[in-house]
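Notes follow the structure.
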């Protein structure tokens, strides 16, 4: 009986040492999943999510304090990618997303004030003072940061036009 | 003392696990000690109950659990319990086993000194429920049909199920199970006949 | 015209179709089953017909019920693809000819609801529904499922007329002993278990017959007619030869070897080939599209597996017949076989690496 | 299905499909030449690669064969005026594409005179340097006429560079309904053989193998007669089986060599060209004429008078059909409009779509021909696996794409799919397999584009941050500098004052 | 820890987070034991006892246990508890032990118990953990009994066979035998357990959906 008690106790102590050592030496620093999410995100640090940049949002999503749907420029595609990565179920229908949008300048309204160009996180708006501005379609991430800065409402979000190069054959309807 | 800082210290883990193991094994030791006599008593009662199941009431007045002899049968030790009335040996009880449809069937049988079965019970089996489990006395009276049978009654070629021209019934849909039990009982009787001298202790 | 209105109806190539369809395939299989079925009616009389009709009917009924419960919009289209009828038909072929009515109904439920719809309906089931039902029935109700009636033209008793047939079918009264008979496999198993040599046992036992003059399931008896149906399917390209031939070989080869070694213990290859559900299994069950591998190599492995397992179960197992168990076991292996037997992609080696470019081409 | 096919089926050597070829009677009707239409619509991208850039202005007069748009980039082709006339507009028109989207095009109003510019022909092409031939072919805007429209000059010069030994000429024309190559081989066999010889010269190949499906006996006979005197050109009948005209399959049947995945025929010393391309190369070299017309098959149950028509590139399909006899009952019963063949061609939304360089057929199908039906669930019959000429598992790929597991589909061979349509053709459940694959390929390309875009965005954001930091730093530095200057000035001033004070003090002291 | 909603915990244990029907845990004892309603009941009650004790103990020591060794500690605790229950039953409830004996040891590997320790007891107070253990245990018992009854009824045509052996002779009235029905043996065999569990799971989902619909329907006029 004594032998049984002793052996179990010693076994427990030895296993405890092993676990303690394992914990010391096999610790994983940082959270690799955050880096993976950052890779998925638009990366413009536009701040619409309310977190300090895309890294902040990724950390918040992993921690569970922010919903996967918090990134408007990422749209539906980003939400489903995040959901797949984290194994979440997200109600996509609630997300009023009708495809990616970009900012466009209504040339007759633009007064060339340069305010929009100053806030654009990707320098996608081009134009000097007193000149009509233009948006680089390829550089705009659709973050909408410029929209409220425009004094004349010359900037509007419009869906990205579908071209032959960007067209994708629709998925067949499910049988 | 701050537990939070202490918990991550290297020495804390073996200490904690060691204490838990100590407490657990200690508790088990206490409980085991406390229950051992009760368990032994209950198990002895079980065995006595099942033995007296096959033994007709009033046949024995000794504590046949204590009056045993151990014999070797095909490399396995068989414990034989002897029931006596006064000094006269009235019956012996022992277990036999046979492969059934799915695994071993353990049969307990009581044999009187003339080589007649006094009773047969299936102790343990893994036969298909609802099909082969009619060998249990709880489910069916079938095992009672062995009562009073001996190696000469019926004759050896009639020691089988009806399908094999024997005298014992088989159940619908299952032939293998009753066949195994019949074989076990027959084997038990043969074993008894072969070792009668040793069992009764006359050889010794 | 705006692009939006145009993109609504985009259709990819090809703009032509070979004309094959699910219902045509199912119809051809049923056509191939017809000769053996009609012959079965003649052998076993009206009860066999009732069993056949009710099995199919209950399969179709459970199919409709499941589709309705699941709210599938395409009830009619799914129903008329003929797959439920075929499942019921195949199941009926493997049942004892005089099985009572409730066997047909319970069988239909197991085949369609548990064997097929629970997995997601046509094309999604892992196991052959008819075989699932056959095995479930056999395990659940061993008694009525192992009661074989001798073919009537062979029996001494007169053929039951329509009314008494209906009574046999609906009341599940025990069949008179004079009409029952053991199957060859069952007889061999019982005698072997008693320790009687096969050579002696088969003297008194049932004969082998290419034309079904022996006890057995209602649709399996006439090996020759099943074979004809199978050949029809081969010629119309509904099936390929790989799986059936592999099944037959898988049984015949080990059987022939074992029989040569110990004829007193093992049945001959011929006895195995002409017994039980082997022919039906080889041509109609092992070739089931849904539950068999996609590639020809896979089908050969699958068929050999069924054959070998059938022989093992028949020779060493608890049940006298093993085709249904063997099919289910190999069905479970199908995804694995499919994973490892892939066709070689043109321009790549078997592992999927691009071929080496020859130096001096 | 002949007996041989059944035998092959039993052996398992059964890739591809044997569709009813429906080539006759259209193939047997003589070639008709369509007159110049009023207006020609010339999309700037009629070929694989970068779109051409217009070099004409609206209102400018051009002559037949004049360059109106130049090639842009390494892989591209120029476009020439198919007739003389005035440039009416440069605008967007409906593209010959299943999406029904628009693409930019030059619209040319014909003046009816059909005046050629001066063509610089060459009497003896074999005296020309192969590189020069390549340049002339490129300048003539010749692209592969089999359907893919890959710029031919790129292939010719590439073949010469990689020391190709065998030139395979694709006369397979395995697509049902189409007979434009068949017709040209019957009518212009000598010219084709001449074109092949020029190509042999240009590529440096030693021999040319012309593969022609055995369902075109007349074409085989004509070509054999024309090539009888040319030792290095061999006419090789091949069994009629779709997709025999696919590059990798034809090369394997003709030479027994297998083109490795992710590489090209060059790597095994072979280059493949279409018979129509041979004619276009001949015209470009011998006559100096650019590619401005092609032969198109008009066919389908709805076509009144099926046959082959030689039309100018840029002619609307509508006008081609009208010239070729119109539609039965003015299009009643028309179920689908297709450009190209039935197996790989594309559905077009209406007939006002121009014929481009790669257009091989204009097909008007009735409902019975397209056999469009609601798809049934997959029954895993494996027909598609047997039919796939590439050895893929279409049913497995489509199941994965259905669940949007595109990467898994790539893992089991999606990238090797040639979209030939055999799988969908044989599928008893009528599952639009090719549509799944095309969708997945598009989706993957879109994902790649998105990734590139994301990376670019990150770079932009980073650059902006650096710029802002730099500006802030410069500002701070400037401020610091100014401050330092100010302080220095103040210190100097103070020092001067102190000095002055001291001076006065000392003066006073000394005084 | 004052805002613990006991109603919530009980509802979770019995239905929403039911060990079997929602979490799909403890399937091994589930399949092995549920050949009859009686077996299911016995196993369920024994598991409940262990579950409550384990939850209470884990909750008591939760502040002392460090993350690195918590799993071995919990396992040792649970194994000890089960062994004590096993010994005690063998000694003092011998008749019951004869029915359930084989299955008691199985409770050690019942992942539901470690699961509750890990997910609930280690984060909550003693009282809440005890309630959670009880609710989860009763939910588990309910599932076992239900599955046992279904299998028993379909497979053997009886209900609560041998209940009097477990609960005492006064419960003999529970034992029901369907006359004239031999039973489908498959349901008693392991495949039958899977099939029956599958249908019960489907049933729970249907009920949940109906409940959600009713909730939505009753919530709508309130919102409007």
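Order of writing sets the labels: A, B, C, D and E. Residues in every chain begin at 1.
In the analysis below, a contact is a pair of C-beta atoms (placed from the backbone, for glycine too) under 8 Å apart; a residue touches a chain by one contact, two chains touch by 3 or more.
Keep in mind the model is a prediction, meaning the values are calculated, not measured.
Colleague: What shortest step count links chain B and chain D in the network of chain contacts?
Modeller: The fewest steps needed to get from chain B to chain D is 2.
Colleague: When you check each chain against chain A and chain B, which touch both of them?
Modeller: Common contact partners of chain A and chain B, which must touch each of the two, are C, E.
Colleague: If every chain is reduced to the average of its C-alpha atoms, which one ends up farthest from chain B?
Modeller: Farthest from chain B by mean C-alpha position: D.
Colleague: I want to compare two interfaces, A-D and C-D. Which one has more contacting C-beta pairs?
Modeller: C-D
Colleague: If I average the Cα coordinates per chain and compare with the overall Cα mean, which chain comes out closest?
Modeller: Given all protein C-alpha atoms shown, the central chain works out to be C.
Colleague: Among all chains, whose Cα centre is located farthest from the one for chain C?
Modeller: The most remote chain is A.
Colleague: I'd like the Å distance between the centres of chain D and chain E, where a centre is the mean of that chain's Cα atoms.
Modeller: So the centre of chain D lies 66 Å away from the centre of chain E.
Colleague: Give, as an integer number of Å, the spacing between the C-alpha centres of chain C and chain B.
Modeller: 45
Colleague: Rounded to a whole Å, what is the gap between the Cα centroids of chain A and chain C?
Modeller: The mean C-alpha positions of chain A and chain C differ by 54 Å.
Colleague: Please list all residues of chain A that touch 2 or more other chains.
Modeller: Correct list: 12, 15-16, 19-20, 23, 162, 167, 169-170.
Colleague: Check each residue of chain D and list the ones that touch at least two other chains.
Modeller: 98-99, 101-102, 374, 376-377, 429, 432, 435, 438-439
Colleague: Quick check: what residues of chain C touch more than one other chain, meaning two or more?
Modeller: As it turns out, chain C has residues touching two or more other chains at 3, 7, 10, 12, 142-143.
Colleague: Let me know each pair of chains that touch one another.
Modeller: Result for touching pairs of chains: A-B, A-C, A-D, A-E, B-C, B-E, C-D, C-E.
Colleague: Considering only the defined contacts, which chain E positions touch chain A in the complex?
Modeller: Residues 68-69, 72, 76.
Colleague: Can you check the complex and tell me which residues of chain A touch chain B?
Modeller: So the residues of chain A touching chain B come out as 1, 4-5, 8-17, 19-21, 23-24.
Colleague: Using the touch rule from the top, collect the residues of chain E that touch chain B in their complex.
Modeller: Against chain B, the touching part of chain E is residues 35, 63-69, 72-73, 76-77, 79-80, 83-84, 87-88, 90-92, 94, 98, 155-156, 182-183, 185, 188-189.
Colleague: What residues on chain C touch chain E, complex-wise?
Modeller: That would be residues 106, 114, 118, 136, 139-143 of chain C.
Colleague: Could you list, by residue number, the parts of chain A that touch chain C in their complex?
Modeller: Going by the criterion above, the answer is residues 162, 167, 169-170.
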